[in-house]
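Below is one structure, written out as structure tokens; comments come after it.
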Amino acid sequence: MARFTKKKRDEIGRPPDELFFRGEKKIASVRLKIIDFDASNYEEVKLSKTKEVIKYRDSNSVTWFNIDGLHNADALKNIAMTFKLDNLILADVMDTQARPKVHNYDNCVALSIKMLRQDETSYEITVENLSIILTKSVLLSFQERDGDVFDPVRERIRNEKRRIRKSGTDYLMYALLDIVIDNYIFIISNLGEKIEDLEDELLDNPSRDILENINSLKKELNFLRKNINPAKEMILALSKIESDFINEASLVHFKELVGNIDQAIESSDSYREILSDQLNIYHTTISSKLNDVMKLLTVFSVIFIPLTFIAGIYGTNFDFVPELKYKYSYFVMWGVMFFLTLAMLFYFKKRKWL
Amino acid sequence: MARFTKKKRDEIGRPPDELFFRGEKKIASVRLKIIDFDASNYEEVKLSKTKEVIKYRDSNSVTWFNIDGLHNADALKNIAMTFKLDNLILADVMDTQARPKVHNYDNCVALSIKMLRQDETSYEITVENLSIILTKSVLLSFQERDGDVFDPVRERIRNEKRRIRKSGTDYLMYALLDIVIDNYIFIISNLGEKIEDLEDELLDNPSRDILENINSLKKELNFLRKNINPAKEMILALSKIESDFINEASLVHFKELVGNIDQAIESSDSYREILSDQLNIYHTTISSKLNDVMKLLTVFSVIFIPLTFIAGIYGTNFDFVPELKYKYSYFVMWGVMFFLTLAMLFYFKKRKWL
Amino acid sequence: MARFTKKKRDEIGRPPDELFFRGEKKIASVRLKIIDFDASNYEEVKLSKTKEVIKYRDSNSVTWFNIDGLHNADALKNIAMTFKLDNLILADVMDTQARPKVHNYDNCVALSIKMLRQDETSYEITVENLSIILTKSVLLSFQERDGDVFDPVRERIRNEKRRIRKSGTDYLMYALLDIVIDNYIFIISNLGEKIEDLEDELLDNPSRDILENINSLKKELNFLRKNINPAKEMILALSKIESDFINEASLVHFKELVGNIDQAIESSDSYREILSDQLNIYHTTISSKLNDVMKLLTVFSVIFIPLTFIAGIYGTNFDFVPELKYKYSYFVMWGVMFFLTLAMLFYFKKRKWL
Amino acid sequence: MARFTKKKRDEIGRPPDELFFRGEKKIASVRLKIIDFDASNYEEVKLSKTKEVIKYRDSNSVTWFNIDGLHNADALKNIAMTFKLDNLILADVMDTQARPKVHNYDNCVALSIKMLRQDETSYEITVENLSIILTKSVLLSFQERDGDVFDPVRERIRNEKRRIRKSGTDYLMYALLDIVIDNYIFIISNLGEKIEDLEDELLDNPSRDILENINSLKKELNFLRKNINPAKEMILALSKIESDFINEASLVHFKELVGNIDQAIESSDSYREILSDQLNIYHTTISSKLNDVMKLLTVFSVIFIPLTFIAGIYGTNFDFVPELKYKYSYFVMWGVMFFLTLAMLFYFKKRKWL
Amino acid sequence: MARFTKKKRDEIGRPPDELFFRGEKKIASVRLKIIDFDASNYEEVKLSKTKEVIKYRDSNSVTWFNIDGLHNADALKNIAMTFKLDNLILADVMDTQARPKVHNYDNCVALSIKMLRQDETSYEITVENLSIILTKSVLLSFQERDGDVFDPVRERIRNEKRRIRKSGTDYLMYALLDIVIDNYIFIISNLGEKIEDLEDELLDNPSRDILENINSLKKELNFLRKNINPAKEMILALSKIESDFINEASLVHFKELVGNIDQAIESSDSYREILSDQLNIYHTTISSKLNDVMKLLTVFSVIFIPLTFIAGIYGTNFDFVPELKYKYSYFVMWGVMFFLTLAMLFYFKKRKWL
């Protein structure tokens, strides 16, 4: 599982508008993809140079311009110039460690959010900073590497009949954020399934493995919460934004997203409580089992210790031990031992140890 | 007990207005029931086709149109067309996993809430998403299966003298929500009874069964809380709604509901604390019992270990052990052992172990 | 101790204005008492019929009309008609399980609160729903049974010089609520005294009884909190109410009540923390004592086990054991044992076990 | 340590304006002290009768009138009459158990706060209710006993050059409150020092004494928190008060006090967490030490139990035990035992028990 | 690690405008440094007297006046006079124990914040109170000792092309605060790395060292939180300040700081939870290991105790023990013992102890 990323010493004190890439380089070179569409036309293009985007900038169609790879400051500077974006905006895009936030600029709306993705086969969760810049007719999305969770949106765009083909960039942004948050819920519910599966073994067979599982699920949940929870604030701000690029109808959709992220957070809160409860139950079960172990040892010891003592007494080699001479001593000893054992068993029965 | 429902991969990225059924199919076919009434008339009808509802749509009487089964998108589409409802509304109705919410549309008020029901004989709790759409003269209620908690309301409607017969759809909606929340309180108080019953055995006989009970009650309570708590927000929004379909007098009733749901939530919070306390008490009792067990073992061991050692000494076969020859050695040994035992008992008495 | 009251199945879905008694019948028949006073006159009367109250309704004096017993719907209906009260108000009065609340009606102010009373001899705590309806010149108080906490107020009314004789119904209501809340504080501080008394035995002698005490005090405190905490909201609303029946000067007093109920809640919060701390300390003390027990056992065992083993070796009956023949073997054995014991004691001393 | 004060039965239901002393009498007779000053003059006087204060009432100088002892209702009544104070105000002064509060009356500002004082030699903490009544030219301060924390203020007043000599009663009030809150911080930081001192022994030598210390520090901190935390609300209200007796410049000082009390509360919160952590660490260390103890016992037992068993076998007196006859049996037995011991040690080494 | 600083008795009751140094003297003499710059010029000067600063006071360039050492009241008084600052402001600067705060004065904005610094080689964290006073053209920064975290800002100032050269004192203040907060995040993430490193050993080898590590990391985190969390309030107030010395553009930057400090606080909250979880896991692992130890002891004891008892029986020296005479008795005994052992092993196997 990915660890929390660290702040490094050389990342301190950078000016806010410096195009400094903060994060790990996750892709060799920057990749640029264009999806351009309106109600009747649809086009998908890979660009080789950032300048080529200029022809889409002023068209009337909706253009989704996706940039994979944030480590190349020059490429981003070109994009900034093409769309007349302030350096501050691009510097934010390159700071992949920042908290999710939304800013309302004069010529665009810029936001960032963590995109979580779970591999379909390895179940590994990857986290990546997604930045979106929204202008009238172009939506720019910035990702740290190729591969994302947006295929269902692309599918919908390709389908001529979908509402998305008739809507603007704001609706496209909604669709993207919706998918990001749906993935939050999806990943949390997958984790939750694993958590609930622990239940069955918890009381019956509290092995060390379960403890390890609880521990690693706790860490994973912590990791998810740290990435998901701060997004709430951003989504809430977005749902109240006043911008020329976002119309009333889209605001309604953004308000829906608040409910969705609430659901994600509530789920993760629930699972966190459940994990804490499980750890408590585990610990208590362990203590209870220890009790059983010790009862067994004590019952055995308390019964046999006096018996062994008696046998020891008559194993002494004193010249004069009167009982040794008596013919039935041996049987009397057995009798006494039998009686003592019965008494002990009765005592333990009464105290409900047996 | 029902588990939290999961988000599946193919549920991600659906457009917000797609009539996609999210949930389990719990009923074979859609069933439509009409209760139509005003102060003087009363009629109960089962419809076979959704189109038949049209004659009630514009009548002056109050019509309660109940739809059981949400998996049939076509049936819902027909209903949407009949009542001129936006696709978004019906898509929400079909998303049985969504959080409770209320929306104020131009031509209707739409809300959803989780309906909890406890079987009278098996005591099993089922959860189901209830959606209500309120227009001037028709209230549409959507449920996932047949069977609900609304019989007392139907009873009241049948009774000509009841206030409900003289009131509008808003009062009918209040009556339905009131029953849903009353059932929350009812189910929580049933669960609470089970929780309080644990008390008696907790200190006397902390068996593993009690631990299992505490654990399963915790899970059940968690499940209830997850379904009930999010409803608070919706009810609060409802109590402040401004809509042509809801008059002032009904708002007063909705405000009462806020108090009721608060009571439900406070109860569940109380029981949650009690369960945590019980687990703590259980664990502490277990530790305290272990102490008793170990004290017994230690007292026995500490008394007998030196005695057995002494007997062992005189069981050695050395050719020359002076004490063995002495006639009263055996009795002296018994005396020493007796004195040692007394000393030990005195010591344990002083340390309050006995 | 009283348990939380349950919601029963037949209490679900009642219309809000139905005069349905929810609770236990705690008194055989309804009792009606009148205290009527102004600055110069004072009268105390028991009524046999509800209708007799009518002569007080429109008098200029202040009338305190106390009704004990809420199970008789007819009696309440008569009262409602006499004072022209909405059925909703009386239905609320009869719902003894409701949360504390205050409503500002056109012709009255109605509120309810839990009245806690501690018996002077048995120390038992009883809880009862108190409803107050305030009109210009009459204050109606509804209780579930006879006996209440209001004697000091009656005393003050009987005393001609008291301010209460010159004040209106609003001041009377303040006086009643003040006493109810004073009793909260009184009962909590009594409970607190018991909690603090536990302290002394907690560390010295952590017996099972203390655990039982902690547990039962926890439950009692829980019970108090559940009854007291929801009153805060009501008192707060009351301190901001705008009503013709309550003048500015009384609002100042109501504001004082907010401080008082805060004090009650803060006290109960403190005691809750203290109880949790005590349980923790108890558990830790138990563990620490177990450590002592096990150290004792281990020290004894570790010292004697090797000695007993040595004795056992020389108790074997092999034909040829060279040491047995040697004259001083026995004494050498004692020497070795003595040395071993010393070494062990030194070891335990060094590890601070002794 | 002082316990939380109790509410007694006869304190319930008192009218709000009754001059009833609630608390313990801590001083034999009431003492009256006057400090009167302006920029150029300074006078310190002990009064024998309350009436003598009248000459200071209307002077232009600033008068600080300190009253020690609150149990004498007559004396307070005289003061009330002299300054034309409502009975309600004096009744509040006499209620030493009330929560800190501030009231803005027409002719004065009245407030109360808990004054904590730590004896310089015995380190004992005493708590006392301090009431302050502020008028244009007189500040009345009411304390339960003589002795207070205000000497530094008196020192400053005596010094002609200090700002306090040129300021009004509001600045004097600020100076007094500032000292009260400084004492909060002082006492908490003293307590904190004791808490931090526990650290060193916590892990090395978790004796029962440390547990007792943690427990008693917890109680002391609880006591402080209960007295300090409610003051925040009062100070906050004070910093926003609008009164003729308090000018803008003093409000700025009052705002500083909010920061100071926040610091006190944050410190006590920190120390509370630290104490909880310490208890946890203590408990865990205890468990970990128990583990060591049990490992030692187990290692010893597991090694010697089989050896002693073998010796026991050859100590039996059967007529026919073939091994006994064999000449080297005894040495073979030693060999086997040696090997067994080695095997055991190896096993424990591998499991990291040694 | 630095401890929380204490409030001393002689620090109580100081007037708010007294220039009293509260804290430890950390530097021998006061050092004064000037960095003066505008878009084209740059100058770095060390002053020997506070008066020399006067030539910078009214220049048009931006002047950063850094003062190291706060214990010299005279030096500060000179500065106050030069810049016509109220004594209150300088008194605040000298109170190094105060909470972070910001004040908006007529002729300046004054704020204070804790500056945390981690030594690059020893990793030791030092805390220091930083005060900043902002006027139109001069920024005064006060530190307790020389050495700070501001070198990257100085670097940027030296570089002619940087935005900071063209901006005012408000942007300079932003740059300084940004670095202070970046250091918070940096230090927390370093601590976090240590916390995460504990994980690996936690379950495998829960030694006492890990407990010590958890404890000391808890204390360190506590220390950081106590210094960092109160800064949030100040930064928030700063982001909403209305002052002539701060322009709109800088307010945008201050708002960014709110996000940064939130990130710091959220990180520290996460790590606090993780540490608590680790302690829980540690304790539970310890209990689970104890279980293993006790199982081993019990299995061994329960198997061998009866065997040893049997051997003891036939070691008795009674004259008449029939079994002893029988030739195969010895072998029968072995057989019985073998069978008993098998039975025991089977029993333990069934209970999953082996």
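A, B, C, D and E label the chains in the order they appear, each numbered from 1.
Going forward, a contact is a pair of C-beta atoms (placed from the backbone, for glycine too) under 8 Å apart; a residue touches a chain by one contact, two chains touch by 3 or more.
The shown structure was predicted, so the numbers you read here are calculated from the model rather than taken from an experiment.
Student: Could you name all chains that are in contact with subunit A and with subunit C at the same time?
Tutor: Common contact partners of subunit A and subunit C, which must touch each of the two, are B.
Student: Mind checking subunit A against subunit B and telling me if their interface is mostly the same residue numbers on each side, over half, or mostly different?
Tutor: Mostly different residues: under half of the interface numbers shared.
Student: How many degrees of rotation map subunit C onto its copy subunit D on CA atoms, rounded to the nearest 5?
Tutor: 70
Student: Subunit A to subunit E: how many Å between their CA centres?
Tutor: Centre-to-centre distance between subunit A and subunit E: 25 Å.
Student: Mind checking the centre-to-centre distance between subunit A and subunit D? Centres are C-alpha means, answer in whole Å.
Tutor: Inter-chain centre distance comes to 41 Å.
Student: Identify all positions of subunit A at which a residue touches two or more other chains, and write them in rising order.
Tutor: Each of 283, 287, 290, 294, 297, 301, 308, 312, 315-317, 321 in subunit A touches at least two other chains.
Student: Which chains make up the ring, listed in order from subunit A with subunit E immediately after it?
Tutor: So the chains, read around the ring from subunit A toward subunit E, go A, E, D, C, B.
Student: Report the residues of subunit C in contact with subunit B in the complex, numbered from low to high.
Tutor: 3-9, 11-17, 98-99, 101, 205-206, 208, 211-212, 214-215, 218-219, 222, 225-226, 229-230, 279, 282-283, 286-287, 289-290, 293-294, 296-297, 300-301, 304, 307-308, 311-312, 314-317, 321, 323-330, 333
Student: Note which residues of subunit D are touching subunit E in the complex, please.
Tutor: It is residues 120, 149-153, 155-156, 162-164, 175, 178-179, 182-183, 185-186, 189-190, 192-193, 196, 199, 202-203, 253, 256, 259, 262-263, 266-267, 270, 273-274, 277, 280-281, 283-285, 287-288, 290-291, 294-295, 297-298, 301-302, 305-306, 308-309, 312-313, 315-322, 352-353 of subunit D that touch subunit E.
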